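See structure below.
Note that the chains are named A, B, C and D in the order they appear, and that numbering of residues resets to 1 at the start of each chain.
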Amino acid sequence: MNPDRAILTGHCADKKGLVAAITEWISDNGGNILHLDQHVDPATDHFFIRVEWHLEGFVHGRETIAHQFQTDVAGRIGLDASIRFTSDRLRMALFVSRLGHCLWDILARCESGEWNVEVPLIISNHPDFEGTAQQFGVPFHVIPITAETKADQERRELELLAEHNVDFIVLCRYMQVLSADFAAQYPNRIINIHHSFLPAFAGAKPYHRAHERGVKLIGATAHYVTLDLDEGPIIEQDTARVSHRDAVQDMVRLGKDLEKIVLSRAIFLHLNSQVIVHGNRTVVFT
Amino acid sequence: MNPDRAILTGHCADKKGLVAAITEWISDNGGNILHLDQHVDPATDHFFIRVEWHLEGFVHGRETIAHQFQTDVAGRIGLDASIRFTSDRLRMALFVSRLGHCLWDILARCESGEWNVEVPLIISNHPDFEGTAQQFGVPFHVIPITAETKADQERRELELLAEHNVDFIVLCRYMQVLSADFAAQYPNRIINIHHSFLPAFAGAKPYHRAHERGVKLIGATAHYVTLDLDEGPIIEQDTARVSHRDAVQDMVRLGKDLEKIVLSRAIFLHLNSQVIVHGNRTVVFT
Amino acid sequence: MNPDRAILTGHCADKKGLVAAITEWISDNGGNILHLDQHVDPATDHFFIRVEWHLEGFVHGRETIAHQFQTDVAGRIGLDASIRFTSDRLRMALFVSRLGHCLWDILARCESGEWNVEVPLIISNHPDFEGTAQQFGVPFHVIPITAETKADQERRELELLAEHNVDFIVLCRYMQVLSADFAAQYPNRIINIHHSFLPAFAGAKPYHRAHERGVKLIGATAHYVTLDLDEGPIIEQDTARVSHRDAVQDMVRLGKDLEKIVLSRAIFLHLNSQVIVHGNRTVVFT
Amino acid sequence: MNPDRAILTGHCADKKGLVAAITEWISDNGGNILHLDQHVDPATDHFFIRVEWHLEGFVHGRETIAHQFQTDVAGRIGLDASIRFTSDRLRMALFVSRLGHCLWDILARCESGEWNVEVPLIISNHPDFEGTAQQFGVPFHVIPITAETKADQERRELELLAEHNVDFIVLCRYMQVLSADFAAQYPNRIINIHHSFLPAFAGAKPYHRAHERGVKLIGATAHYVTLDLDEGPIIEQDTARVSHRDAVQDMVRLGKDLEKIVLSRAIFLHLNSQVIVHGNRTVVFT
């Protein structure tokens, strides 16, 4: 049996018959649907769908499915669609600075085979994790950045990413702000982890400000990077309890666990095409 | 505009074309789907679906939809289906003994219009909440139960429930075990709240046993009542943190909040036909 | 046996010997300590303590304890201390507008004896919950407020509160902003519930703004009221998961459960003298 | 300044004056208390205390503190006490079998300096993680175990542990049951992680049984190992939400995050002497 499955994600203005049109096409071509999630946002009358079907016995081959679906269905109903396959092994670049907890967590998952993903390179503005990268056999590129060198260095980074056919980027507590130009090259394909429950404590030093405000929970937010810092579409968030006994450095320590778990959940959702971005919000089919 | 919506829930052995068959029928008859959730359990190859569509412009009327769908689709594909309408106001009977927190919480929600539900009667084996029932204008029936009177008293209860056209029953910390005969009259329509994270601490005095075992979390479980005590299909569960500082009576106090929230979530899911029971497990479409 | 216990809470600049001085005094006077919680904030070198001891066999009587402790210990070590007794039945005034979920929840707890508290009156700027108040036998005062009448009406409220010897006030989704003058009458004795995870979405319509931002969690915050709106010391917070399926009205519904639980936890902490305010932050001994 | 601090933990039958006796001694000898947590279990009238004080200016040196306290205070009041120092670097042995998520997580924390701990060796009944151990520069001993070799192999393990002056052992999903003899060598010094919310699903294959029962939450439990399998004193637990969409292998994946976080929290608590075991329960001062 062919265990490969196709995953269709799409969205468009809502109208009658969309689900029927899509599922008939799958069924008429011999596909058996495993999961279907559909949502109409009542505020905007916008339609979202994610369908996963077995390719065993399906009429169209991997190479022609997307084109055929576009011709037969998506074009006609105006669906902004994309199709991929569970056997696709996406290529994920990691950016890191000087805090390694997210990097370690991600590399350990990759090593253990928890995710179907390739890590072709790690980029850092500091040399700190060169040894770690070596342990895991991943090429490590140190690209320091200053205000003066930023444009050039980002160009170098983009070249490296292109060379390695990178599908998406994960900022593992990478402490440089990406330029608008850079961000525009990978729309909805750069995932950042912010160490607060956004929109609270956007910007710098969120744990210091959380401590000062005396909050009883700290948070972490994984989001896609857009031109506006800390304002991109949120993929996943979580919070953890703190008390007066927790100084800033305790919040930092407790926050690390939150950050790595929230970031890894977001990566998993992205890898499985469970996230659809629309405007500045996400639909996350779980 | 007709704001009423139909909700179809169903399940059957999986095969190709099920979603297409169902959604084509809705679409061909002029329905616009608002939500569709579908699931195939890979372990048993069993198919589950919940669809909600607008009745505005739908060809069939409320009275004939179910029959027509059975004839056109369900019979042919073998779907065990049921259809109801968001405007239906279900009739919920409450059973209570001597602890009132769940009862108060439910009655306050009903009073505030949070749920689209009718409470035609409260049944208790004790007179304690007669005044509370009066406050909310709900008829209250005291039906004491002993080993000798149980069969007779349950018969009386069943008569009352039938008289009041009760759709489902909620046991709000009702401390009597229902007989198998009684439970069989309302399959998957009696919701109980157990004050532990089942299957831990099934049976009596769960907080005492939780305290003795030194657990760091207490739990609550809402489930449908079946012939086997505390073994029915689980609808909803949650846990809350406790510490060595919490004596049994503190667990009881903290547990009350857990119990009322978990039970109310389960009632809400039931009211919206978000729960499908299969074997001893539930599919909960959220 | 006398089951009454004394609770001492206090804070001052840290120095050596504080705990010893306090506990020696209790021990020398025949008290047996049941709980002691102590904390030194390393950032400010400030000392906080809460001690609870059995009065059985204690040398000093209820009336003289506070004075004696002040003379013997607090004055000497500079401790800002207060002593009360577990048998004290505090008097809590409730303020409400048009949303009743917190009010119901609190009144049901009081009725069931969950808390050792008296509710001498409810004040509202709307008549909506007059019937509810009657059900629970609590005097209800409708005091409508406009920009013009605000000063006069608040004066009337303060008179009522004084008449009823109110110890503290709970704003149960009370939709009027208290004046600085009013707030200053009950420092750290007015508890408000804000329907967001502060400091996110301070101000009006937090659920609308949470929905717009696409957050994956909603929150609630109980805090003491100060002159700065939504900026007072936080007592308790919690969050709950939402998804793209939750429209604003679903967030409102889900948020109600969060608000009532968080507010009730804060009230319980206040009732047990578990909260010490220092600057704009709280130490919460749990 | 000497940043080192002493941590005293102790317990005994409750009586008047215990806190005073202990804190007077610290204060009289020039110590300044940073944290003090005390608890009397009302069910058993047993007293528990944890005190942490600055050694700057303390009369007694590290070597004599424990003896002096025993002579001056503990002997007299009958306190079962132990004293250690925040500068002590405990030596932790790791046992692992074929699942690496906890091992990776722990080694990454050690490498990053998150904990003040030494890992002198890893012991496994399989060679799988030899490479991982090498990456982190930790000696790795493969000690396969069969029913026949168990007694001999455990003897070898105990020798290795003794040679390396191991303070405590962490079972990182180690799939061998330790013999009673082995467990008795390290009382309250072997931490295990069980992949369920104990006492639910004690024993083998908890995720399979959780799936079968249809629970809505999975859990993980860190506990000290005693002679009774899965029955030792619980240090920490947590739960995570699952749904009908989660097959057993999804529960396994989601459970890994829970297991590693819960185990690491337990190790942190143990490292900081925040756990006192009494009977089969723990007091965890947080």
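Here is the rule we use: a contact is a pair of C-beta atoms (placed from the backbone, for glycine too) under 8 Å apart; a residue touches a chain by one contact, two chains touch by 3 or more.
A quick note: this is a predicted structure, and the numbers were derived from the prediction, not measured.
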Chain separated most widely from chain C, comparing mean CA positions: A
Could you let me know which interface, C-D or A-C, is made of more C-beta pairs in contact? A-C
Copy pair chain A, chain D: interface residue numbering same or different (half cut): same
Expressed in whole Å, how far the mean CA point of chain A lies from that of chain C is 42
Separation of mean Cα positions, chain D and chain C [Å, integer]: 37
Contacts with two or more other chains occur in chain A at residues 35, 39, 42, 243, 245, 286
Quick check: in the complex, which residue numbers of chain C touch chain B? 35, 100-101, 104-105, 108, 111-112, 114, 135, 243, 245, 253, 256-257, 261, 264, 286
Footprint of chain D on chain B - complex, ascending: 39, 41-43, 48, 197-201, 213-217, 219, 233-239, 243-245, 247-248, 280-284, 286
For a test of understanding, state which residues of chain A touch chain B in their complex under the given definition. 14-21, 23-24, 26-28, 30-40, 42
